[in-house]
Each structure stands twice: as structure tokens, then as C-alpha cells.
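The structure that follows is given in the form of C-alpha cells.
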Amino acid sequence: MSETVRVIGDTLPGADFNAPLLEVDDLRVEFRVRGQRIPAVRGASFTLEQGRTLAVVGESGSGKSVTSQAIMGILDTPPATITGGAVRLHGVDLLEQSEETRREVRGNHIAIVFQDALSALNPLWSVGFQIGELFRVHRGTSRKDAKLKAVELLDQVGIPDAKNRVGDYPHQFSGGMRQRVMIAMALALDPEVLIADEPTTALDVTVQAQIMRLLKRIQAERNMGLILITHDLGVVADVADEVAVMYAGEVVERAGIRDAFKRPAHPYTKALLRAIPRVDTVGQELEVIRGLPPNPAKLPGGCPFHPRCFAAEDKCATEVPPWIEPAEFHGSRCHFAEEVYTDER
Amino acid sequence: MGRYVIRRILQALLTLGIVLFLLHYLMALSVQIRGNPALLFFGGDRTPDPAMLEQVERLYNLDNSCYERVGDPCITPFVERLQDYVQGDLGTTLNGNRDVAQLLSIYIPNTLRLFVFSVITLVAVSMVLGTWAARHRGRFIDHTVRGTTILADSIPVFLILLSYVYIVAVPLTRWARGIWGTESFMGQVFRPNYNPDYPWTTIIIPGIIVGTVGLATMTRLIRASQLENLGSDFVRTARAKGLKPMRITIVHVIRNSMIPIVTGIGFLFAFMLSGAVLTEGVMGIPGMGRMIFQAVQRQEGNLVIVGLTVSAFVVVFVSLIVDLLYAALDPRIRYE
Amino acid sequence: MRRMRMTVAAIAAAGLAAATAACAGDEGDVDGEGDGGGVINMQIGEVRSLIPGGSGESEGYRIIKNVYDGLVYYDIETGEPENLVAEEITSPDNQTWTIKIKDGLTFHNGEPVNADAFIRSWDRTAYAPNALPLNYFFGTFEGYAEMNPDPLPEDQWADPEVPEYPEVATTHLSGVTAVDDLTIEVKLTAPFIGFPTMLGYEAFYPVAEECLADLEACEATPIGNGPFMFEEPYDPQAGGTAVVWEDYAGDKPKIDAVEWHVYLEGDDCWADFLTGDIDICSPSAADYQSAMSDTELAERVIQQPDPSILMLAFPLYDEKFQDVNVRRAISMAIDREGVLNVVGPERFTPLDEWVPESILGGGTNSCGEYCTYDPEAAQELLAQAGGWPEGEPLKIWVNDAADNLDIFRAIGDSISESLGITYELVPMEWTEFLTARENHQLDGPFRSGWGPDYNLNENYLEPIYGGGASVNDQGWENEAYNAKIAEAGAAATLDEAVALYAEAEAILAEDMPSVPVFGENFNFFYTERLDNVEVHPIYAGPRGDCELRTVTITE
Amino acid sequence: MSELTAPVPTTERQASLWSDAFRTMRRRPDVIIATLVLLLVFAMAAFPRLFTDKDPTQCLGREARLRPDTWFTGDHPLGTDAFGCDFAATLVHGTRPTIALALSVIVASVVIGLVLGIYAGYYGGWLDSVISRALDVFVVIPMLMGAILILSLFRGRVSTESLVETIAAPAIALTLFGWMEFCRYTRAATLETKNLDYVIAAKCLGASDRRIMFKHILPNAIVPVTAVVPTTIGGIIVTESALAVLGIGVQPPATSWGVLLSDGTEWAGGGYVYLFAWPLGLLILTVFAFATFGDALRDALDPKLR
């Protein structure tokens, strides 16, 4: 719907509009700590189309946040290093671009909403300043106009009395409102891809729903691609179009949201789904996944999930499972993907 | 805010009042235990006539009998002293009968000038080093900066001064005068002693040397806060906004790092006052530090009390300013 | 940002100061190109007062002696008083003195220097309520007692612990009268042949009427009658400049002006001397050694004895020191050369007399062998006297100023090494030391130093050892000695008196109530721009001075 | 300073905090070197006879300032000092007063600070007000100035017979103006800890105030205090030398590094650099070792900022 027709070629030379909006291909990230190399992301692949919502789901430490930061290009290097793969925006591999181009891409094309808005906003500057800063830096807008734009944005994300609150500091907002400020800031330059990294984790349940609705609405209005990163499958159900489940730094299952919920093809996904409290399971005992998430420095051999897997067999401990697609647009990294998909295991 | 300031000021006044009384009591005790400082008036190797001594004692309010009884807090002279102070009469010195207020008007500016240069040095050097170390955290430069500043802090400042005066200053001055001439800035700046004809120029070097007091503490503070800020979520946000590193540093890191710097200066100020005692002594700067030291040596009770109260006032005042600066720097802090 | 501005301001201010100084230099001929003139830069300590009678310390006197002219001036060679303002000083009986003043002399402000000028100065100093440090100089004058009364009887005090004094009714010394405008008659309470030698001292300088009218102004800008005068006020913390008085009647100084730079206690002028900012300076012991090894610098040194002396005195009220042989043993146990090596050679000279050579009547070597280091003889003497109490340390009492501790530690080390007894150094703060010494509370040898008030051997004998056992610090009394002192005071001529005082010194030497240790030395270095540098042996100040009346600037 | 906060306390966490700290420290080469230096200095203080067989009180004026031309051999391995005493002996024997002074000041300050801080923080109310006010009052007078004031005003006859008498006066003066930092940390830690669940639990179980204070709160308070102790010791050594140079610290003929330095500064200019360089080197080395150790300890106890 964007009224401003952007000339993408200006800021992203070589853009091909027939290519997918965002394509992450076998992305690999390592942390180097005290001479030790710890893999954080070990081959993440997924694709995002315009106007669609992709949910990236996983436990903490599964590499989903690192992936999002790698896409943004804001990993702390060192200790993190991208060791392989590609992040393609309109077919252009961002990893090969100069730092300057990447800076232009940030905010202009891809924006991110962080989990904890309190620490993600600078406590010493007013929210108006922090939103306006984007216009001033990227568009050269004057201080006054930038402030007007900020008011407009705050209004759009549903902050009441935005005009008067634009000069307030982050600590003067409630948690939900602060997250709205964060979203307003991400939307400022009308990006094509919005990454929301656990946007509701720190919030109350009612507020969570409001924020999710807001994100959905905005995504629809602006026809953006939205990557929703969360550890909570429950949040994803109503919002996402597709889901990518991550475990131990790799995508273990990728599917359309309905398919994934109905017929998961990876034991981990299945276990996650069973752990969601639902109206129809009231009275039954909730299942929990046994064991702890693996230490990325000491991953188990074979399938990294095997020590916790209900379906594991001997070969799971020795052989790395291949990518199996039991159905169209539905893949899983499990030796027994077919069986799990068909609910034989 | 206003209420907070008033409460802080009242608290500060109470502190100063207690300091004033304690100092008075210490002086009284010292007179009671050690004997009469009026003897100083006569100086030299001889014994004054008792009648003369009495005259002098009367002149300086030392004739109160409480000075004969060890442990007596001498309340009456204290009240008289306070009355005099309130009326703006700071009294005179025993040695030379000088007006104390007039002495302060000479000494205070000198010490302030010294502090101007030392604060500039301290902040500038520790900012550069702290930022540098933070950027290269855990690497060789970080360790080197840390080691060097700790080493610099381990060398007592008066020894740096003495080495400067005795070893470096004379050849440096001669060299500079050979090039730029005696009356030039360069010809004066390296002089081994303060010179009242060049009150700013000849105080630069001692100021810089005093500025090394607390360098390690300050650098460490700045490094830590820079690290905290550099690794903070809001800096990550700023990067996600596509800001240039320079802008991130200026807008999002430095202001946040100012807070520990302000604390650090407030904290180190007291140490600088100590440094001033030695520096002013070695470099011949007629300032507060040296005045207090000599006054204490000569048992110049009045001068000690006035001098230390002024110094205490400065410390209290600085800490008040620091607290108020907090509020100015950090919108989260609002004193109620 | 504000700090930045301040730095800029600082540099600007510095530049300005440099610029103005340079301008002043052009006018005042600071660089002194050729033909004499120029400004000499002198170091000075903290000055107490610049009005005669108020200083009483070397630094004030160093300025006063150039800004004022006294009745006499001490000859730089012989040390004898020569008339300066006085025309002649005579007495028929050494008790009533008549002083005639030269005609036509004035103060800087034009007031005449006459009998009244002196009398008003003396009255001011002698008047007890003024509490001036040099008050005691008038103790021998008739009428002093009326101006310095004894305290009231104890039962009349309001507070039993605070003595009270009667009002002093008179403001004039009755023993001093102006016979005519230019003649003063002074009556002393006892004959004193050395009276004229006292008159060169600060206490006896004249004071202008205008000065007494506004003491505060006069303190800053003294109104003197000497060759130098202040145009700008003198600042005791920063110093000041005195220029040559154009209308000075005597021999005018060869320089244009003198600028005094203040070095307070603990400061050292040496570094500034090396950079040429100070013209005369005395180095510390360590700096002295390096200075003397610089051949070029070593040519510009003035070394001569200073009349100040250092002694180790005995508490004769303590039973341990009753035997003269103990006192002699301790004296002979002191390796004076060795101690000198510790505190810095040539700062002192070993002393074997109670009156130093530079003083009228001094140089008698009266102590002789007993002031010579001889550990064996010392041990023998100590054994004769019955030895030293077993296990008891010899306590040496000193006041902790300057390098006293170093000197007496070295003395203690030496005694301990020679006699095999342990010693303990007891440093005391000055006022406390003074009180303990006077009240005879010390139980071991103590420091005793003396600098002369005037140039006569009497000044080293009477004030220190006279007055009887209860009065002097040693608790020493010898009738023959007291008689000799009295006889000398009444002598007909100065020469006769000097000889009699020397005899008194010999009596003192027999009893040895104190041990002469060192006479002090001047070691003054001067810059190459100076010439004809002379140092007056009396009151030159400890850290460097010269005769400003005769010094020249060459360049 | 403010960067130190008490970590969440349970007994095991305490134990692991200390052992973690110990383990981290053990691995750092700078800490190992600093520890070796400190051990050497302590050995010199405790057993001076191991390092020299000369009597430092035997001094011959005529032999004053013999330069150490024959390095480490001969009669005077480091030459003689300004009084003709063997310089090596003086230096070694001067270590004990220096170290003893620093240690006694730090022990006294820490004890005073801990006790006052815990009482102020635990009981609050008027006790807290009084102690906090005292803190304010002492804080406004810097340590060196306070020490100068006390030492000069009450300077009198000082005996140098025994070690205790030698260091008593400066030790008291420095302690008087040295306890505040520890008190402040302890008070803050106490305030933070006293409302924690396990302390309240202990209270409910009827533990006495004293038991709670010293059993439960003290272990927490001691963490920030310990972290500043080594650096403070270095500071005390420096302050002592400053006092000695001003002539009001340890009184000669007793020696300390400060006294040696103050003699040394006098003679360094005259070409006797060794008189200045040796005590200076020893002092800087020791203070540097303390500071390095303290820096590492602070890091180890507060790993966030490493």
C-alpha cells in the first residue's frame, strides 16, 4: 500500500524483484570465546515473501535471535562470526555488501523490534528523539519535522495523546506502550521486512494480545514481510503463515502454519505442541520435554535432539539426519520424518 | 526537586557545622595538650617576656581559661568564633598578623587554577584511555592501558613532582628559553616553581601532574561504563537503526558514560585536595593546600579551622553538584 | 565545552602576562644591556613586618636594612659599627649615651630624619601593649619597666588562671630624651660598652610620622630613609620590587631595582636559580655537591662563615651530667668531621669555641682539645667520671625543625659509636621544646643554637649562660663568670670590654655547660650577570643574600 | 565504588563465588607475579635477617654515602646511606614498619567499617543517622589532610624504641580517616541483604540479631570490602611515604620506606640516585603489586565487567 514508491535500486544495487523478498540460505554463525569455537547457528534456511508472516520458533539458545541479528547485520563481531551461507534481500546477498550499504538497508528495508523495550531504548533520550533520529539520519529531515513524524507514528501504533507524550522518556511509559514505541520506531522508514524478536515475552498476557494484533494490523496495512521470533508456539497460531522451528542452531522443521500444527513432522515440534495448554486438553496432564537444551559447545553427535527425543533409535546418535519432505512445503530434519508426519511415532 | 535540594543543603550545613566544631575542639585540645601557640608569635630562639606573652594571648583570644583544662571543649570561644565568622571576620594569623579573609582571597584562586588543569587532564586522559581500552577489550591494548594506569597511580604524585622539579624542569626551561625566549609562553611553562607574574602559565605543569591522581580509578570507571553501554541493548537498537558508529558513540554512548565520570570526579576531588597539599608545597604555589599544611604545622588554630572548613565546604559542595548533575544527565533520576 | 573555553582563556591570559612583562622589560631595562643598572632578582622567605621593631627575623630584616638607614652600619670586613645616620655616638660612663644625627636627612616622603624620628620608633617598640617582637631590645633602657609592668597580684585576677596586667600609663621611654632636634640622649639602667654596636639593628631604626598614622599602609609600602624604596606595595606572599631612591644622600646603589620573590617554608630557590630566574641562592647539601662539581658554577660561589652557631647543651640540673668529665667525654666523642660528612660538607665548620671568629672578640679556640674528636680519650674521661649508667640510653632532645634531626642523629650515632652507649633522639615541636628547655625538664643533652643580635662577643655569653642557674637553660651558675661579665659591661673602652668578655668565655670553657659543635657557613651562588657580590656576615638570611648597596649587574 | 554490588547470597553461592574468584585469579600471570612480589616483601618484613646480616643502627658519619660501586658484594652491597649506615640493611629493616603500619591500618579500618556499617544498616533509625552523619563528616576531610591535622596537632615526644611505638601515631591517624569507605560498602550491602528471604527466614526461626548480622549478612558485606582491600593497602603505603616526606609520619631514626624516600629525595639531586631509586623502586613495585592484585580481585569478584 505504501504511497512512497521507493526506488530500491538506489539503496540496494542489483535488486531483483522477482526474487523472494528475503531468503536465508544455510546461514552459519560461530562464537569465538577464549580460542574455542562455539556454533550458534548451524545452517538456517528459510524464505519470506512479501505480505507473509514467518514464525521462527525455538527454545532459548536455539539460535533464533542470533539468526535475526545476523540478518540485520548487528551481531557483535567479535565474538560472533558469520562463517557461511547467505542472506538475500530481493536476491542481493547482504553479507557481501559494504558496511555502508548494510547501514542503509537497516531501518530502510529491514527493521527489528526487540524483546525488552526498556533496555532497548536509550534511557537518556526522549522517545520522540529516538524515533525522529531515523528520519534525521537517513532522510536528513529537520529536527522539527522529525518530531512531527514521530508523533504521527506514535499515533499510528496506538499511543494515546501522542502529541504530548513524544517528549517523554522511555521509563515514563508502561511496558506495552514502550513496546508500541519500539514498533513505531521500527516502522519509521517503512521497511519491507520487520523482524519482531520475542516482542511480547516481557509483557502481560492481555497486553501480549494487543501487541500481536497491532503487529498483524500493521503488517497487513503495509504489506510487509514479518518475521516473528518466539519461543511460544501458542502466540504464533493466529498470526503466522509459515513456521520454522529451530533447535540447536538449525531449522529442524519448516511448514505452513496449519500443516505444522496439525501434522508436525519432527518430534521436537510435536513435543512443543503438546506442551501448549489448550481448551481441549483441560484436565489432561501437560507434557514437558524431558532434559535440558543442549550446550552448544558440546552438542551430542548425530541428531542433536536424540537424547531428549521420544522416538530416538540407535542411529539417531550416530547419523546426522537428512532433510526430508514428507509433504509439499513441509520439511523436517529427522530420520523418521515420514513416521512422525503420519503420526506413526 | 526543590525540596530535595533544600534538604541536601541543610544536611550539608549540618555536616559543615559538625566539622567546624570538631576542628575547633581538636585545636583546643592541641593547645591544651601541647602548650600555647602564642609563643610562635615571637619566633626565633628566645623566650618572650611573660607579660608580652599574655598580651599576645589576649590579642588572639587564647586567654580563655578553658585552654588550660585538657578535654574542655571551650564552648565560649567557639561561640565567639562563630559570631566573628558570621559577621564576616575570619580573624588574623598569629605569625605576621595577617587578615585571614585576605589570605584566602589570594590562596583560593591559585588552588582553583590548579584544579582546572588537573580536572581537564584527568578527564581527557582517562576518557581517551578508557575508551581505547574498552574498544580493545581483552586484548593487548586493554591490558597495557590497565597496567600503565595502575602503575601511574602507584607512583606517589609528590615523587613525580619532585622528579620533575629536580630533574626535568631546569634543562627543559633552558632549552625552551633558548628557542622561544624567556618571556614567551614556552619559556615560562616549564619553570620549576610557580611564579605569581605568570599565574596561569606556571600552574599548568603541576596541574597536569596532579591530574594523574586517580587516573587508574577513572580510566577503569570509564572503560567499564563504555563496555556496559557498548554492549547494551540500546546501542544494538541504534545499530539496527542504521546509525554510523560515530553517531552511536556521540549520541548514545558518551552521554550515558558521563554519569560515572561525574561520580568519579566527585569522588576524586577529595584526593586532589590531598594532592594539592604536596603539589603546592613542592612547586611553591601559594594555595589552600599549602596554607593548611603550614597552618597546622604552626598551630595557627584559626587558619586551620578556616582553611579546612573551606576545603570541607568545597567537598560538600562538589558532592551536591554531582548529585544535581545526575538528575540533569539522567531523566530517570528525580529527587523527591 | 565550558572547559575548552577555560583552557583558551588560560592560554590567552598567559600570553597577555608575557606581553605586558615584555613591555615592562623594555622600559625598566630588565635585560640590562650594559652600563650597570638593571633589576636584581632575590629570593626571600616570609616577611613578618616591614616596620622596624616588628620583624625580628632575618627575612624582614633583609628588606628593612635596605629600605631604612640605621644610626650605624656594620663594616663588611671588620664587623665594627660605622656611623651612618649618626654623626657621632659618645658616652662618658657607658651608661648615658649621646647620639648626634647628621643634618639634612629625610625619609622617602620628605619628612626629616631627626631625634623624634628615632624616639617615636623606639617608644612604639618598647610599649608592651604593641606586643612587638623586638621589644626586649629596650630592656636595658631606663623607663622600660614602666612600659612593661609585671602582672598584678594574683588575688586581683578575675580568673585565677589568667594573669592580668595593670594599664600601661606611659607611652614614652623615660630614659630617652631629645636634647635638641638632632641629638638624642639615652640612659641605660647599667653601663654597657657595646651599646653602639646594637644601634645598627632593626629595633633602633627610625620611623616616619606618616607611617605611624597609617600602619597598615606603611606595612605594605614602607616609608624608609634608605637607598631603596617601594613604589608599589609589597605582598608578603608574592614579593615586590623596590627601586633606588633618587634623592638618597649616601652612596647610591649601582643597580636600578631589586625584585624579591617569595619562597615560603619548604620551597627551594635552587631550581629557579639554575634557570636564571633568581640571582642568588643557597643550595641544599646535595645540590651543593653537584654545584661544586660544575666548574663554571663553582667560580660563582661565596663561602664565608655565618656567625650562627650550633651547640649541644647539658642539663646541669640532672645528676648524670654533674661531672665535667662526662661533659668533656661526650664532646670528645663527637666526630664533628664525620657529622659534617653526613649533613653536607662546607655547610658548617667544626667549632671549638663559644664565640665564632666572625664576631668581635671571637676566635679564641677556647674549647681546644676537648672539642677535638678522640674516642679513646673520651672513653677514658668517661671511665674516670664513673662510667655511664648501665642500660640507660642517652637521650638527646631536639626541636624537629629543618635538618636538626639529621644533624643530631649523626651526632648521636657518633657518640654511641665512640662511647659504646645507646642513644635515643627525642624530637619535639618547637614551642614544646622551648618550654621544656626553660623549665628544666630535660634529662639529656639538648640542642642549643644561637644567632647574634649584634656584633659583640657579649651577645654569645650573657644571654645564654648569664642570669644564674634558675634562669638559663643549662641551669649553670659560676660566680667568677658573672663577675667577669659585669666587669666587662662597665669597661671604659670597647677593646677592654671585648678582652674581658673573652676572659669570661675562658671561664665558661672550664665548666663546659655546653659543647660547641658547628659554626655555620654561607654557601651562596650567584648568576653570571652579577659582579661585586659581597655578603654581609651579619643577618644575611639563611638562603642567599648580598649587599644590595654595592652589587652590580654586568651582562 | 558504585560498580560493586553484593551478589545474591546463599551459602553455596558464597563458596562458589570465592572459589571461582580464586580459580580465575590463579590463571592470570600478572596476579602470579604480583603475589610473588608481595611474598618477597612480606618475607623481608618478617625475616629481615634472611636478607642482610648488617646492623642498620651501626652508622659511621665518615662513611656516609659510599656509592655501591661493588654491586652486591663487599662490605656494603648497596652502599651506605646518608648517615653512613649500611643501605641494604636500612632498606630491609625499613620494610617491617611500612608493612606493619599498612596492615594494622587496614585491619583496624576494615573492622571498624564492617561493624559500624552492619549496625547502621541493620538497625537503621537513629543509629544509622548518627553513623551516616559521622561518615559524612569524616569523608569531607581527605585522608592525607586528616592525618596531617592529627599528626601535627598532637605531635609530641615520640619514642622509637619499639615497632608499636614507631607506627602507633601514623596508624591511628590514618585509621581515623580510613574506615569510611568500608563502612559505606558494608552499610549498602547490609541494607540490600537484610530483607532477603533467607535472612527473614532466619529471623523467623528466632536467630538472634547478632547471629543474623555476623552469620548471614557479614559474608555478603565482605565481598565488596575485600575487593578494595589490596588497592587500599597500596594507598596507605603511599600516604605513609607522603607523611614521612612531610616529616610527620614515622619519625627518624626509625626507618620506613617513606623515611628513606624523604632522605633520598634530598640527596638524589646531588648524584646519589641510588638512595632515592631503591626505596622508590621497592615502594612502586609493592604498591603496583597490591594494585594489580586488587584489580584482578575486583574483576574476579565482579565478573560482569571483566
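So that you can tell them apart, the chains are marked A, B, C and D in the order they are listed, and the count of residues begins at 1 in each.
Heads up, the rule we're going with is that contacts are C-beta pairs under 8 Å (C-beta built on N, C-alpha and C of every residue); 3 or more make two chains touch, one makes a residue touch a chain.
Chain by chain, the UniProt names read as follows: A = ATP-binding cassette domain-containing protein; B, D = ABC transporter permease subunit.
Note that the structure is a prediction, hence the values are computed from the model and not measured.
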**Prompt:** Most C-beta contact pairs, which chains?
**Reply:** B-C
**Message:** Relative to chain B, which chain's C-alpha centre is the most remote?
**Reply:** A
**Innermost chain, where centres are averages of C-alpha coordinates** = B
**Prompt:** If you average the Cα atoms of chain C and of chain D to get two centres, how far apart are those centres in Å?
**Reply:** 45
**Prompt:** When the centre of a chain is set as the mean of its C-alpha atoms, what distance in Å lies between chain B and chain C?
**Reply:** 37
**Message:** What's the distance between the Cα centroids of chain A and chain D, rounded to whole Å?
**Reply:** 54
**Complete:** Residues in chain A with touches to at least two other chains are numbered none
**Item:** Per-residue multi-chain contacts in chain C, two or more chains
**Value:** 429, 432
**Asked** Taking each residue of chain B in turn, which ones touch at least two of the other chains?
**Response** 34, 166, 281, 297, 299
**Message:** Can you work out from the touch definition every pair of chains that touches here?
**Reply:** A-B, B-C, B-D, C-D
**Request:** Over in the complex, which chain C residues touch chain D? Could you list them?
**Result:** 284-290, 293, 335, 337-342, 400, 405-406, 409-410, 412-414, 417, 424-429, 432
**Fill in**
The answer for chain B against chain A in the complex is residues 231-234, 236-244, 247, 251-252, 255-256, 329-332
**Message:** For a test of understanding, state which residues of chain C touch chain B in their complex under the given definition.
**Reply:** 3, 6-7, 10-11, 13-15, 17-18, 21-22, 25, 46-49, 56-57, 128-129, 131, 133, 135-136, 148-151, 159, 161-163, 165, 235-239, 261-267, 269, 271-272, 274-277, 429-432, 434-435, 438, 449-451, 463
**Item:** Sites on chain D touched by chain C in the complex
**Value:** 58-62, 64-65, 82-84, 155-161, 247, 251-253, 263, 266-272
**Complete:** Residue positions on chain B within touch of chain C in the complex are 34-37, 39-52, 54-56, 59, 63-65, 68, 95-96, 98, 103, 106, 113, 116-117, 119-120, 123, 165-166, 169-170, 173-174, 177, 182-185, 188-189, 191-193, 195-201, 204, 281, 284, 286, 290, 294, 297, 299
